[in-house]
Amino acid sequence: MYSFFNMNFIIPDILLLLFPFIVIGSRLFCNYRSQLPWRIANFGFIAIFILLNFIPLASGEGRFFICNWKIDDFGVLMREVLIISAILGIWLSKDYFEHGADGKPQMHQIAEFIGAIAFATFGGVTVVSACDMLTFFLGLEIATIPMYALTAWNKKDQLGSEAATKYILMGSVATAFELFGFSYLYGFAGSLHFGEIQQAVAAGTNPLLWVSVLFLFCGIGFKLTLFPFYTWAPDVYEGAPTPVTAVLSVTSKATAIAFLVVLVFGPLAPVQEQIAPLIALLAGTTLFVGNLGALKQSRLRRFMAYSSIAQAGYIMVALLGPATTAKTAIVYYLFVYAVSNYLAFFIFGIIGHHREETFASLRGLSKQNPSLAVALAISMFSLAGIPPLAGFFGKFHLFFSGASTGHYALVAFAVLNNVLALYYYIQLIKSAWVDEPDGHLSPLRLTRRQRGVIVALSISVVALGFIPFLSNNVFAGFSF
Amino acid sequence: MINDVTLGYLIFLCPLLTFVINGLFVGNRNAKAAAAIAVTLNGVSALSAILVAVHYFCSTFAPQKAVLFEYTFLPFIDDLVARIGMLVDPLSVMMLVVVTFISLMVNIYSIGYMREDRAEGRFFALLSLFSFSMLGLVVATNLFQMFIFWELVGVSSYLLIGFWYHKPSAVSASKQAFILTRFADSFFLLGIVLVSYVVGSFDFSAINSLSLYPFRTETIDLGLCVISKANALILGSILIFTGGWGKSAMFPMHIWLPNAMEGPTPVSSIIHSATMVVAGVYLVARLFPFFAVCGDSLTIIMWVGAFTMVFAAVIACTQKDIKRILAYSTLSQLGYMMFALGACKIGQAVVTTGWTASTFHIFTHAFFKCSLFLIAGSLIHQVHTNDLDAMGGLRKKMPVTYVCSLISILAISGIPPFSGFFSKDEIILTAFQAHHYTVFALALLTSGLTTFYMFRLFFLAFHGEPRHEGVKAGHVHEDLAMTLPIVVLAVPALLSGLLGKGLFEKFFTPGKLHAPVFVKLPEASWIPFAAIGIAVLALAIAWFFYASPKAKIQRALDAENRSGLYKVVYNKFYFDEMYYTVVRQFIIGGVARVSRAFNDYVIEGLLAFSVWFIHKLGDLVRTAQAGYLPFYLGTLIVGVLIWRFFGQLPL
Amino acid sequence: METILFNLIWIIPLLTVLVCVPLSATRTGILKAIHATSATIVLLIVCFLTYRVYALTGEPANELAAPLALRFFTDIPWLSMMGAHYTVGADGLNILLLALTAFIVWGGVLVSWNIKGNQKVFFALIQLLATSVYGVYMSFDLVLFFVFYEMEALCMYLMIACYGSGRRDYGGKKLTLTLAFGSSMILATLFGLYFEGGVNSWSIMELSKVSLPMEFQMWAFPLMFMGFAVSSSLFPFHFWSPDGHSAAPTAVSMLAAGVMMKMGAYGCLRVAMFLMPEAAKIWLPYVVALLIFNVVLGPFIALRHKDLKYITAYSSISHLGLIFLGLAALTPVGLRGASLQMISHGFLTGLFFATIGMIYERTHTRDITEMGGIMRKMPFLGVGFVLAGFAGLGLPGFSGFIAESTIFIGAFQQDSTLTRIVTVLAILSITTTAVYILQTANRMLHGPLPKKYEGLTDGCFREKLVIVVLVACLLFIGICPGWIADMLDTSIAPIFEKISAATQPVISGIGG
Amino acid sequence: MNLMNCLILAFLLFGIGVWGLMRRRHLIGMLISIELMLNAANINFISFAYFSAHDATAGALFSIFVIAVTACEMAIALAIIVTMYRRHKSLDVDQLRDLHD
């Protein structure tokens, strides 16, 4: 068994588990206006991120903590994605807790907010490091339940509560599906442990397994907004507060896809061949429907919802590939996607601070603030997958992984859908660059944090793509 | 022959240099300098051409071909190489002399004629560009080089016809000329591609020295039909002739030449009478052995030439614009040359006298027709109109011009001892000896018509009472710069026939022929007298109508109340109108409109439909998103069923 | 040393953009100075390298780049996971295209001197576009190639929609999306090439050594060929170019028609036909049928248009059709003719759009029925336009004639029925070209001058310089084509070897 | 009393849950139907644990955890429903039509 001293790889997870309690608890020792929780949060997340980077990668099977907490390369990199998403999320949300245009903050209780985000992040971490179905299920729930709360964070906001209601009702149904799937899988293998399930699956299949696979995919299809389970996403994305939407679109997607990766390349690895058609169909339909839905949108967050549905479809393509390729592609894509998405949401946040978040309020941006318009163009083209921006290389990895097992037709279909995607992203760029503003534009105010973050994100979107060592490191890991 | 090589270079480089200097540097800033450069350099080029000619004909080397210099221009595959070179044989040397000499004359003439024009520099530049291209054409060693310069003379003619680009008529005339010749050239190019593909070479030496027998067996797929390579060669020869057809303005592609008279007169005199328009004849003469082996293509050439000859002569009899009269007479003379080449064919055999006659006629015609145009130009310069209505009674005012024009007109009418007589007599003789009696008759008739309309012009212009205020008032004078070339040209117009006859009969043969050469020719010493008789008769008729004391000039000039036939002829058989209808209605209004409609409605329509379809699908997706929670929950359940049945899980 | 210079070709424009980022957008003078200088430097570098490649013709090349004879060969591992490399090199074909690009970019920077709007962004976008085009012509690794190839979409839309005229948003969208459509078809086949090739390499040279499975080629070749053909506006994918060109600002029209439309044809030759010769032999004779629209109907459509840019766009469509005729001939002469036409048409259409843009700046209309007699007011621009026209209708002395005659002769060597028919039609349709070009020139330049144009001025020195240089290029190629033909032949030889070596299996259903 | 019966029972329960979910327009009712579906899964676990699985404790354990997790999920759900009731003054899902395309 491990001695305590070479168990340091578990430290970040433990810190992450304790971290939300510290943040929320800090509220007891300071007054309402104090910045203490915010400072602790920043410090904590960044510290955890740095600690994660100390974990050496490429250690084969990964290491185990009391035999059902596994930490492998994929896990570490997913942790990094989740932490980055959390950090950006709280930075984005910070402005909403300060005095807005009408002198009152749009949201309250930052400490609890950060705590919720931290819980969700930990849920994601649990999912990627689970070795049995129970941990797996608990992780998923820990990742999901805070999201319900976050969606309804503005108690005064009518749309928020409606969105939350829809979200939690459908979410619970999806949970029921998953549980049903889990129960059959347990019945099939007679054990909760992934290793034994994998042996059982390799030994032979029967309808019980396929029913469970069906239910599991349908349940996770809800969280990953696959066709036809995506219907909640547009409404929830629109109803929730902007920072919550951003966190939803990155963290919960990352958790869900991690769930699928663990499942497909873990217990179900022996039957990946048989479930490939299902995955291909899910991917194709999802990205097609997502692109179609985004064609004629006028509200930014709903637009982003559809675009993220389509992105989920693209990610699914990678699941068809062999384990290493697929995992690399997915992690790399999640990095890129998180960065591009947050860049977009930061800009929307700045726009939405004084105007409502629609295409119309982007008009005249290129005249009013060219650099912001450039940043917007960068993020949109990156999401559309235009080289040399990171988004292209991310998609290229995904398609590469999909094509490596010969699914040329699906890849061709996905690539053709890129044209549709390009169309609606160009629509958005058009309203920012081409359309003349109608009437007076309310001034845009950028705080130093916002400016810094936007510059940093823009640079990384441009650089993440074609700087080769980065793609190497995503593969080989940040090992200092 | 190093000396000749340098001279050969000089012949080309001088006009090119003139073009570059005048076009780029001197331009319109200094008209005098431009003119001086043009005249000197063209003089040098003419001088060296004459030197080359003298040296060539005096050398024992004489009738053979020689290549003074040759460069590889663009290699294609193994033997198929485009070269730029200078071929020297009697024909090309003769053309060199003619072109350089006439271009010198015309340059001198233009000093006077273009004196008032703003863009004199441009004029001289383009004129030299033309002579350069024409020289390149006549010394071509292969079809590719021929085509290159063929196009260049075409474009310089376009630029010169449209020289006064603010005159809409001139602009449209230039466009018409270029497009019509271009149309013919497209077939020429096709012919070149076809022949060079079959023969595997562009060189005249290769093409002229081939016989069809080796090609009878192999076949070639022309897309629509598969034919033997021999037939392909015959087709190619006809296509190549089509190029000459258009360039020499044979019927029915003749209409551009009369309209081209919108250009300045010096241009008409050099390009549209003396040199460029004979390029078609020259092409056929150059490739004569090839045509000779190519079945009936010579017969086609003969008939095209013969018909144009008569057709143009008839029209010329009724025109009132003197330049147009001359243009139609040019057409008619080109018809002579063309059919003389065509008439060489008797069954499978060939007589070579026609070839000699035709080239001889090129030579003589160049001088007298050029001088006639220059004369017309100076008349127009005096009365400021082309219309015979405004002329008359110029004999006393312009005596020198009068004499010179008489010489040239006698020359073209084929009255001995003027130059035209000898060449035309040869041609008519050929037609008779080759048993083409119909053509022979037509030729005799046409020579009569020629005399008639030329003297009609002569009498109406110089005799009778002045019909123009300017002439009456007497500010009419002879400009030295314009009269000098006329006088100089009158000399060859008078003598070139007499002196040239021996030269041509000695040296001018089409070269080695694969077809059997027909030697025993019927004797016909009466033909010259017949020709002269008809000419004199026509002259008398012309005198009776237009110059005799009781001639009614007004009635003669009146084009309105005439018989319908006269009107038809006067309106050139309405060919211009036909062309315009075809082009406007059929090409622009028909084909072009249909193809644009196809593009705008079919292609763009399909595009629009697909966009619409995608948008409809998008609407479908968004209508599902009605915000109705039970429906959303339903999708969860339905989703399970969908993937149960379509998920291809082995359930 | 030369290798470094060669790599600088695409790096310099990028650096220029970075240099200009800190500058404030108001200091346009210095901005334009910087961009013009960098464009000139690149031009000089490329001209020098072109000369070097010409001088090295016949010398043994880098054996790593076999079977192609590449100079300045650079090969660095790039994206290790996918085995993508940074592989660039130069042979006769692409160095000439690079030279063409350098000239057009240089001209484009100069003609868009006083463009409306945010000039900082505009020039940055031009440089990015230049980078992408240079990259496409330089790269021999398919990933690198595609990255550069797709980059254009990023710049094109913004340039057209923000700085264009007329229906700029529509035109920009149409152009960008159609090109993206084409490149998506290419991307789909690229993966196939990599995995079917099975040499774990994206390098064109490596892939050219393996022979790909036939059933893969049969679907991949048409997909990829069409994908490339979209950007060369081969029927039925030509619809983007008239609207796009007419909406675009002058410089973008020059670049788009001058060099970007060649990228497609270049890709067809360098990637599709080189890597999948068997399928090429089967499919290309059918592709020829599409050319009837491009070559024969294109000029007629131009005849019906009144807008200068539409006319030029359709003339480009017909000229690019000739490129494909040369490619489809599958003979050395035909391939050389196609490459010649790429270069020649680049200069030609660049000159066309440059003069049109200058005239449009003054008359503020492109409708030829409203113009007339402006030759009197601006003889220089008028002459420039007429010369472009002459080059366009294939007048000897200009490069157009060389290219077209080479294509005709080369295409006639191909002994297949359809090709023959199309070749004959193409040769005969030079008349139509003459008709619309002369009609345009006459309507616009000749005839009486309308009152409103009394105040027009001729081109300034900068504009004259551009015109003179482009005309000089056209004449230079037209008068001494021998050397350029040598360069092209040496670089086309390996491609043709691969094609001629390809045994043509009979596929049931297609029936080669 | 064998495995198949239990599975059928669970499946019926699940079906009832789905049916109720579809039929109900009252949010609380829908939550109860979801509870039924979750408990169907629990029955599955327990019955598999009892009859077939060689790792019997795991199934029982799992169901315990599920009950706990569902409890807090329901707590959150009820909280959200309460806030929504404050806005809409009704628990009818047909009222939730503000968010849509």
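Letters A, B, C and D mark the chains as written, and numbering starts fresh at 1 in each.
Criterion: contacts are C-beta pairs under 8 Å (C-beta built on N, C-alpha and C of every residue); 3 or more make two chains touch, one makes a residue touch a chain.
Just so we're clear, the structure is a prediction, and the values are computed from it rather than from any experiment.
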Worksheet item: Any idea whether B-C or B-D has more C-beta pairs in contact?
Response: B-C
Response to the item:
The chain whose mean C-alpha position lies nearest the overall protein Cα centroid is chain C
Practice prompt. Report the inter-chain centroid distance for chain B and chain C in whole angstrom, where each centroid is the mean of the CA atoms.
Written response: 37
Item to complete: Averaged over CA atoms, how far is the centre of chain B from the centre of chain D? Could you give it in whole Å?
Response: 96
Practice prompt. Provide the C-alpha centroid distance between chain A and chain D, rounded to the nearest whole angstrom.
Written response: 26
Fill in: Distance between chain centroids, defined by C-alpha means - chain A, chain C (Å)
42
Fill in: chain B residues counted as touching two or more neighbouring chains
622, 625, 627, 629, 633
Item to complete: Could you list which residues of chain C touch at least two other chains?
Response: none
Worksheet item: Which residues does chain D have that touch at least 2 chains other than itself?
Response: 21, 96, 98-101
Discussion item. If I apply the definition of touch given earlier, which pairs of chains qualify?
Written reply: A-B, A-C, A-D, B-C, B-D
Discussion item. Please output the residues of chain C touching chain A within their complex, sorted ascending.
Written reply: 25, 77-82, 118, 121, 143, 146-148, 150-151, 153-154, 157-158, 161-162, 168-169, 173, 176-177, 180-181, 184-185, 187-188, 191-192, 194-195, 223
Worksheet entry | Parts of chain B lying in touch with chain D, wherever the complex brings them together | 622-623, 625-630, 633-634, 637
Worksheet, complete the sentence: Within their complex, chain D touches chain A through residues 7, 10, 14, 17, 21, 27, 30-31, 34, 37-38, 40-42, 44-45, 48-49, 52-55, 58-59, 61-62, 65-66, 69-70, 72-74, 76-77, 79-81, 83-84, 86-88, 96, 98-101
Worksheet item: Within the complex, which stretch of chain B touches chain C?
Response: 72-77, 80, 144, 147-149, 151-152, 155, 158, 162, 165-166, 168, 171-172, 175, 178-179, 182-183, 185-187, 189-190, 193-194, 196-197, 220-224, 587-588, 591-593, 595-596, 598-599, 603-604, 606-607
Fill in: Complex contact set, residues of chain A against chain B
165-166, 169-170, 173-174, 177, 205, 207, 210-211, 213-215, 217-218, 221-222, 227-229, 231-232, 234-235, 274-275, 277-278, 281-282, 289, 292-293, 295-296, 420
